[in-house]
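Take a look at the structures below.
What follows is a pair of complexes built around chain A, which joins chain B in one and chain C in the other.
After this line comes the complex of A and B, so read on.
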């Protein structure tokens, strides 16, 4: 199983699919066994997750446009990659992600307000990593793949059967950290999954600038089995992740998954993709929408009715409303927070600076009192 | 109490830390069977197993980055960087992750990582094997930086560094690895002097001479030589470079009125500049003369046959002392 073992070095790697662009269920011998137990009801749940996550993304984008968030990195188009993979995980697996995996965080059970805390500028991290077993998202491209590998080494030392999952982009595959992570992971055979969302763009740079072969093909060079799946196909992604998890849990070592998807929005709300990409490309990908195809499949079988779709849309609106309320309700941090937690133990340099700054700030309130006299 | 070399003292400290806490593990290049290129980890893999003394592939960013992941899971990794000049591939992970994760996560994720760095010159090596990169790290908030100067401190401070919940850069003066000293092993860390404290290693009244790591013994030699000349030098071993224990330095300068700082690292933007500025701010009115720096030059580390010109030695330190005292010196006539 997996292309790495076949020694094809990434040449001619097929992209595996279970649901076509048009919403037709096709079978694939490698993937089918991994999702044989998925019922229509469960597929509807995955559909619902994707709808909700897209709605969160739309709301956050709107909040940025309205000046309530400083920045937002949309995941529009990548819902199947994120939901399909994250829903395969157990609570005791640990996720190390980039800034874009808000759909993954949603599946991990993140508090909605914690999802936007960083983007409103209130804090440098949103949630307690140990509450949802997901690290603070990484901004340094690719750095988290090493953290996942180290964490997986810890899992191995502890004799546990959980896995660490590193989410990263196509651009990240060029970073030294990602390559070093694969060297270490292979060398120590640790239970880590390298989950690469190839959304075709790294800001303005097309994936072709990063690699001349399919990204999944890179893994073979490290001796890591890989799969290349349609990242807009939630079932295929779920199946591939289960394949990788099974390997991790049974001492099989690292796996690499390339989820081929598309960033339908800008890189972030500060970006203008019209400067570097063809509008036709976006139209082509719109026809491969991850949500529409599952809806088509479920509608055809009668598992999803218009009434259910309405209900799900309403639930998503409710989530968006909560997100907005949480965002607007965030209280600005106090000045002392600027010094908090630089060190875990007392530090004389910082204590002195903090003390001087408190005096400085106190001077303002003294002035105010004087002025009012 | 037993006599042991500097290198052996670090080894004994590592061993004790590993015995005390099963979450402590060592990682680095050639640290297993070989015991490290300086043999500091000699015998530890044999006694603790390859899972706790880990030979890693050759990738410093990965050593640091996987240490971060291990810390996330509650381990206390001790990473060996083979030589000072090879720390730079790991720089990003140290500066952006190791140093900042505690702050970034508002104290939720601790990074009790110790980074051992053999540093400094004087061993006649080619480029990249003799550097003093400490200022890069003292300039990075979130890190603690220490430099040890004798076997007892080497033993105690490696244990303290590992037990510390903050990341610690532990600089080892590689040219002193074979120096012998008395070491009291065991002992509760709570009874040892704080890792953050400086130590006055020679009392004096005329000049305060501040240094750390390999130059502490050179500074002591300088103090002995100056005494013959009627000059009384107080020598302070900083031990901690970030933060610096300014209380000790300041108290000394208030008495002597004169400050000389010496280190092997280049001058500009170095620790000497920071100490001179901080002491000037704290006790300007007690200074009888401008602080003097005796340091390596602002050059890439030179070829080994030239390093004697680069490294501060006893005579250059004494020349600096003369400058601080306003006695005839190599720069006489240029001041002002």
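After this line comes the complex of A and C, so read on.
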């Protein structure tokens, strides 16, 4: 099970788990070795990450409803997939994500204001990718898998032991870009991880319509070993990512991880999921909440006390407050700012455009008649 | 100090939203991010979190009102202003913040005027549209033609005024900006530029001799308002009632909200599931007598017992005997899902339109519990408080058209369900009874089913079972 070499792994590929829905730790021979070193204290940290990320998500959603952000793609329900995978990475690994990986960006150390700059419509791009080794979010579905594969080819050429990780969703697996990236990655055996968060819905399209077999099974067709894990189980996701990283660092080539999770909120703040999905489905997944199960496990072992939970919640509130202050403090850019970061070097065509635009803007001032007709 | 909260664009590029309900009242103390209202956009019903800690000073709009993006909907009395991080917008405020923003750039944001829907530019060659005036939105108290502002706000009144509406005069954005700043209406300005283009000088000239030129506009508008003939000019305009008199010749309302959703659901259902409808007329005198006896019982006191109660119960019993009527076609997985429980949908006319909330596990309820659940469902629906959870997961439905005095119909399936029963009115009719013609209480049942899932035999047996129970409730003893 787990691996796709035999080409038979697709149908009925098992979903591996280390923490059950109810918060019971179960063992798995394939995954256990990868998380043997994770102590209760470290698991508490993963719990805290998830709580903070969910709080950031709630605050950003509220900011959108208050007219302070134009749009926000909530990650509610996908915390374990994002935290478990991102916390497995080293600083020199490089992340290429979609627009929903705000939890991953948090782990990479992104500045909170940079995280929401784009969603406020304040800038075309939020941060310098090389500062945190994470590219800015890709809006084109699946395109980042090609970027990640190309970057991984560079790592291979450099002879380094870092890895590139591409984050994408279930819907993206239907895109040509993702399939091309997997062909290319397998051909050159580059150190890339295809990390697919199967959150069950590509906006309003259910995953069952996109694939008749588990998504992890698709990797076998490209000759890429895959693993299918419970994406709401932070330990299982951590273990799977470490498995893939080990392969990447040791010249083992690409890996594919399907993290089976659920988007509990809307696709974006402009979407209403009650129009296309059954309310019962949401109830079912609420019972599999990624944070509640870790809390249950840690409470049972005594590693997490009510006082600690309160402390963590307060810390999360503090992060939310910083996020709000950063958002409201953003200064609207001047119209000419749109020209600032198009080319790294001077470009005469762009300069001409900017000059025309400046003249056009000057036409609005009362003391000139230039550009009035 | 008072802080106003303006309706934001809650989706991507939406121009308006409807206030569904307020969760707070004037004087309430609220905290940051506390839900204060529910609003419905063209895309979703969403909750609005409070942007401030403070006290609600004023609610500017009533529930049910359609509000344009950018209009103030609520004011807060905020105590500690210094603690609130002030947003740093561009320093230059408009010359007069009271003046509504008029876009100077083509495609620059939505037209904030109260047109009720996004404005589309006229296609080349298409006839000029008639002037559309919102009579209810901006009532002119002195005008005899206006009358009481009775029509609902989203209704537009079309007033014939040929030639009055023209394409916006050609000009450049800076000139439009100048005209707006000076308060000049460009439709009153003749262009001296190439091809009639209005240039800056034309606007300045218009400003110099402004008074007579701009005065023409309100006059024309008044004339247009007074135009629609004797009916509108009558001293006592008829309120919207049973007669056409006093109403505009045509009225337009936007397709949105529940109406839009209903339409899509009906089209999807009607053209996905091949519908078959069957009818059965039943002598329900025995059922009506049973209802009388039950109403007299103490354990049914306070419960609303109607023919619907018995039909609902009979349906649950009959569905257990013909499971295909309570199944679902799962196209994606190529499977038929048969539900061994009944989530019974009841079509309800609500303030938001037609909704089909369902009673979960109705099959497990006894008659008392079922009657109570039906009553609660109806009350919730009437109050407009039906939750999405109550709307999802239905397995089979009933629509009660008898309450409108109707006998039979061909109901359309609630999407995803295999069967729906329409109950007709109970009427006293001459009917065969014990070999003679007698006046009996008679009702017609109409059953539509999805012929992919249900064959004629199963559908017919299902309907016959319901009919049998209603004709002779004692038969239940033979069925369970």
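The working rule: the second predicted complex is superposed on the first by the 359 of 373 C-alpha atoms of A that agree within 3 Å, B and C clash if a C-alpha of one lies under 4 Å from a C-alpha of the other, contacts with A are read in each partner's own complex, and residues count from 1 in each chain.
Everything that follows uses one rule, which is that a residue touches a chain if its C-beta (ideal position, glycine included) is under 8 Å from a C-beta of that chain, and two chains touch if they have at least 3 such contacts.
Treat the numbers as computed from the prediction; the structure is a model and nothing was measured.
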{"item": "Partner chain(s) touched by A:343 [first = chain B, second = chain C, both, neither]", "value": "first"}
{"item": "First, second, both or neither for A:158, with chain B first and chain C second", "value": "first"}
{"item": "Chain B versus chain C as contact partner of A:48, first or second or both or neither", "value": "neither"}
{"item": "Which of chain B and chain C A:279 touches, first, second, both or neither", "value": "second"}
{"item": "Chain B versus chain C as contact partner of A:209, first or second or both or neither", "value": "second"}
{"item": "Residues on chain B engaged by chain A in the complex (per definition of touch)", "value": "25, 51, 56-57, 59, 61-62, 64-75, 77, 89, 92-93, 96-97, 101-110, 112, 141-142, 144, 164-166, 196, 242-247"}
{"item": "Complex contacts: residues of chain C adjacent to chain A", "value": "5-12, 14, 33, 43-49, 51, 85-90, 172-175, 177-178, 181, 193, 197, 199-200, 261, 332-333, 388-389, 391-393"}
{"item": "Interface residues, chain A side, partner chain B - complex", "value": "94, 96, 123-125, 128-130, 135-136, 140, 143, 145-155, 157-158, 164, 176-177, 180-181, 183-184, 187, 340-345, 347-350"}
{"item": "Chain C-touching residues of chain A, taken from the complex the two chains share", "value": "58-59, 62, 64-68, 70-71, 206, 208-209, 266, 268-272, 274-275, 278-280, 283, 324-325, 328-332, 360, 363-364, 366, 369, 371-373"}
